[in-house]
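The chains carry the letters A, B, C and D, assigned in the order they are written, with residues numbered from 1 in each.
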Amino acid sequence: MIPTEGVTRLVISCPDRPGIVAAVSRFLFEEGANVITLDQFSSDPFDGGTFFLRMEFTLPAGAPEGLPERFGLQIAEHWGMTWRMWSAERPKRIAVLTSRADHCLQELLWRWRRRELSGEIVLVASNHPDHRETVEGYGLPFRHVPVTKEGGKPESEGRLLELLRGKCDVVVLARYMQIVSGEFLERLAVPVINIHHSFLPAFVGAEPYRQAKERGVKLIGATAHYVTAELDAGPIIEQDVIRVGHDHDIPTLTRLGSDIERTVLARAVRWHCEDRVLRLGNQTVVF
Amino acid sequence: MIPTEGVTRLVISCPDRPGIVAAVSRFLFEEGANVITLDQFSSDPFDGGTFFLRMEFTLPAGAPEGLPERFGLQIAEHWGMTWRMWSAERPKRIAVLTSRADHCLQELLWRWRRRELSGEIVLVASNHPDHRETVEGYGLPFRHVPVTKEGGKPESEGRLLELLRGKCDVVVLARYMQIVSGEFLERLAVPVINIHHSFLPAFVGAEPYRQAKERGVKLIGATAHYVTAELDAGPIIEQDVIRVGHDHDIPTLTRLGSDIERTVLARAVRWHCEDRVLRLGNQTVVF
Amino acid sequence: MIPTEGVTRLVISCPDRPGIVAAVSRFLFEEGANVITLDQFSSDPFDGGTFFLRMEFTLPAGAPEGLPERFGLQIAEHWGMTWRMWSAERPKRIAVLTSRADHCLQELLWRWRRRELSGEIVLVASNHPDHRETVEGYGLPFRHVPVTKEGGKPESEGRLLELLRGKCDVVVLARYMQIVSGEFLERLAVPVINIHHSFLPAFVGAEPYRQAKERGVKLIGATAHYVTAELDAGPIIEQDVIRVGHDHDIPTLTRLGSDIERTVLARAVRWHCEDRVLRLGNQTVVF
Amino acid sequence: MIPTEGVTRLVISCPDRPGIVAAVSRFLFEEGANVITLDQFSSDPFDGGTFFLRMEFTLPAGAPEGLPERFGLQIAEHWGMTWRMWSAERPKRIAVLTSRADHCLQELLWRWRRRELSGEIVLVASNHPDHRETVEGYGLPFRHVPVTKEGGKPESEGRLLELLRGKCDVVVLARYMQIVSGEFLERLAVPVINIHHSFLPAFVGAEPYRQAKERGVKLIGATAHYVTAELDAGPIIEQDVIRVGHDHDIPTLTRLGSDIERTVLARAVRWHCEDRVLRLGNQTVVF
């Protein structure tokens, strides 16, 4: 549990070449930074892979302003880096979309209040009015954005975009049972994390616990992933499983699975908010 | 670790109705049997499901011959039971088919020698000659049954049928990299257990570790299942998984996965040999 | 997820002898009962062990009253059984004792509302006033029973006994940080379940996460057990672990461990309420 | 699975100060090295902790000799580093001590032949003659070093020291059922890895599976640790557990546990041979 006071995070990906770590760490040393953690990974260290780096560092009192600008100019441009620098004191703003099932929502709210999410929930919206009281009981705003017969999904997505655009850094689908459109994702322009109640890529789509029962699997799982335009096919952040048996019917699978769903989603949200998750094509690097 | 001396196993499935347990246990009591273990399951206890039962019992010294006949006549017929009675002293005869990769074969041989399989390996056959020395070192017969250009799979399956028919009670595909035909399965007429190196139904078919890497999953698995004519789609006996990360390449996934493959396969073979696995459509009941 | 309507549970332990299953199942068959599940275990099936049985069954509409009396007379006495019969429609009444940490309390409250505990929480008491609002928000009574300087533990235990005796079927210590006396347990006369935040018997007593850090273990755990007069030494109901590393400090161990604590405790409470847990000396049989 | 050709490993621990990563990575960059992996950890990044680093790098063809000397002079001395540099092409030499139980020995031999240990077994010694044939079948020398009535442990340890001193880089106790003396460890002067068949610190000493059964735990485990003069108290390298139940007797616990023992020991040996394990007091840092 790293204190966040005065901690800055730097996340980098770029073409792998010798000298990146030396250049970055020398730059930070000369700025007076004290490196707390450093994680590094090369997708193919022997043949033109991609280099990933995550650092946490502190700066001395009275350090000059403009560190990101200097980093961009002196380091990032030279090495062709995709990068961001983020003050750990400024928590990510999280918006949650949900539907009727409340276990993932409850888990996020509860961990948020315990300060275990490493981010701030700023809004909960749902296509059902059910959880207004719960959410407002936590002192958080709740918006009911139904999918109406007339307006359909375009209207609903339009209203959500008004609520969300520019007001959050990540959107979490906490068992939000609507498929979001590619256009919505594009216009939203922040990462969207979904929890799917199966061990993807097994049991894509509807009723994964029913599918699991029918296939007779001995473990059921849950998958947190970034949402892309293709259903249940985005980069996986985290997965976990639980053992089941022939004597578990579909309601029991649903109950046991919901425990896995909430822990997997909570881990994924936390790791995302701590800038631990980097994308590598349709995969993720999780530091 | 139940001693097997004098132990008889009874395995039953039949339409569920009140009174089955009472009838079976009363019959055995009157025969002087001492019940050691009893496992029971109903696929739908409230509405016309299937009833499954597994019992282990001992008989007193000097018990009269002909117990199976009496059970068939007095009990099984009345309740419409599919059943078998098997002396735990008579171990199942196991034939192993394998190819180049030896980790599953080694595990089975090693556990067999430690008496951990609850069955006797009677033969190892392979489409490659590589493991002759290893197998014969265990004092077991090895047969090389290549798939030749001329004869192809039909010839190879014909030779295997000659080796196997009537000489084994179960066939184990220990990373046997050939797809067996429906006709082969039918003529073989004993159960065939396969180990697939993925968490089925994810990554059916060839190169599952490559598929897993490309999908970016965070857990890889292995699945032991009964073989049916449809590839990798038979009833699952056992599965397990191991956690992997972005820094694991395909050879590492293969190495880590092979540890799961061998434990999952060994468990499935042991459970099968102990008559713990019953089929329920395309699922299994594992007592 | 077995429906509980009309379901009766029978739990038995007695000296093992041939014929118990036959006698019990025949008795129930003649009463018109339909057995739903049957679990059986003998602590030493070959030499004078103890026999354990758990059954769930339904009775036909209009079945005559007095089944427990008839069972006691015709069966239990003859076989020397310790037994109880419990209508699954009558949920166990659960009292929860807690202190400052709220994660186990929250988990129980939340699962109770989702009907996942298989029991009814009837009261929450704490030696701190902190969680009154939370508990009352669930519509449940909250009692603050401080341990005062003057009265000390005897006074506090006296007040708790007034609140609890005869009003609950099980008491759950949800991170209740007081050691309860043997006299309290005796006068309470219902089972008490505690959650200890280590993998017992490792790290008995105070600050188990600090102990775990100092010993440098690679897994931390939690243990739900029945409380006896000896600290952290009662029969274990359930345990689980989570992997940790050198980079986890004590606050992180505490956070990760709290997730294991709440799932382990919730499982133990549910299993207890479903009459799945039987005692065998200082061990448990969990059906 | 990193290729080892031309790969050098550098392992460092020293008092934590700003600038270590910068100094080391700049030094290596100027030597023309290409960093493949870098792992870093500070035991207390905010207050005078210990800094740990592990790097793997390659050097260009024709790089000048004497890199370790230059590193020692220019870097290590200045920062007060405990360090070593090791060519990954030169595998660690492993000596194995064993007794009657063969499962851990077999696992090591088998993985050694598959090149999964990242080290070379150079010798197997045992206080029993049982496994000579097995070991020699792998083409490895076997030495029988009994503990005789006359000579006792001192004589036996003396003969082992003759066999081992200077001839191996690590000694693995693969269920070697003798307690080794502090003097032996001191004179041996290489790390000794032991596998203990419990989840330490639970069940120190003899017959841990019996202890586990008597305590009624729901998980059993195994622990690989460096051996110190105090029994079962050395720094833990790796642990794992497996779920058990009331129906598992001691022989079954022993069988299930042996599967955990061999995987845990094999992981620990591999990690040690890859220079992934650093000591921090009585704990380990495992990169």
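Quick notes
The definition used in the following text is that a residue touches a chain if its C-beta (ideal position, glycine included) is under 8 Å from a C-beta of that chain, and two chains touch if they have at least 3 such contacts.
Just so we're clear, the structure is a prediction, and the values are computed from it rather than from any experiment.
Set side by side, the interfaces B-C and C-D show unequal numbers of C-beta pairs in contact, with more at C-D.
For the pair chain A and chain B, the fraction of shared interface numbers is greater than half, so the two copies use mostly the same residues to meet. Averaging Cα coordinates per chain places chain B and chain C 37 Å apart.
Separating the CA-averaged centres of chain C and chain D is a span of 42 Å. Residues of chain D in contact with at least two other chains: 37, 41.
Interface residues of chain D, counted against chain B in their complex, comprise 1, 37, 103, 106, 110, 114, 116, 137, 249, 251-252, 255, 259, 263. Note for the complex: chain D touches chain C at residues 41, 199-203, 214-219, 221, 235-241, 245-247, 280, 282-286.
The part of chain B that touches chain C in the complex is made up of residues 2-3, 18-19, 21-23, 25-26, 28-29, 32-42, 45-46.
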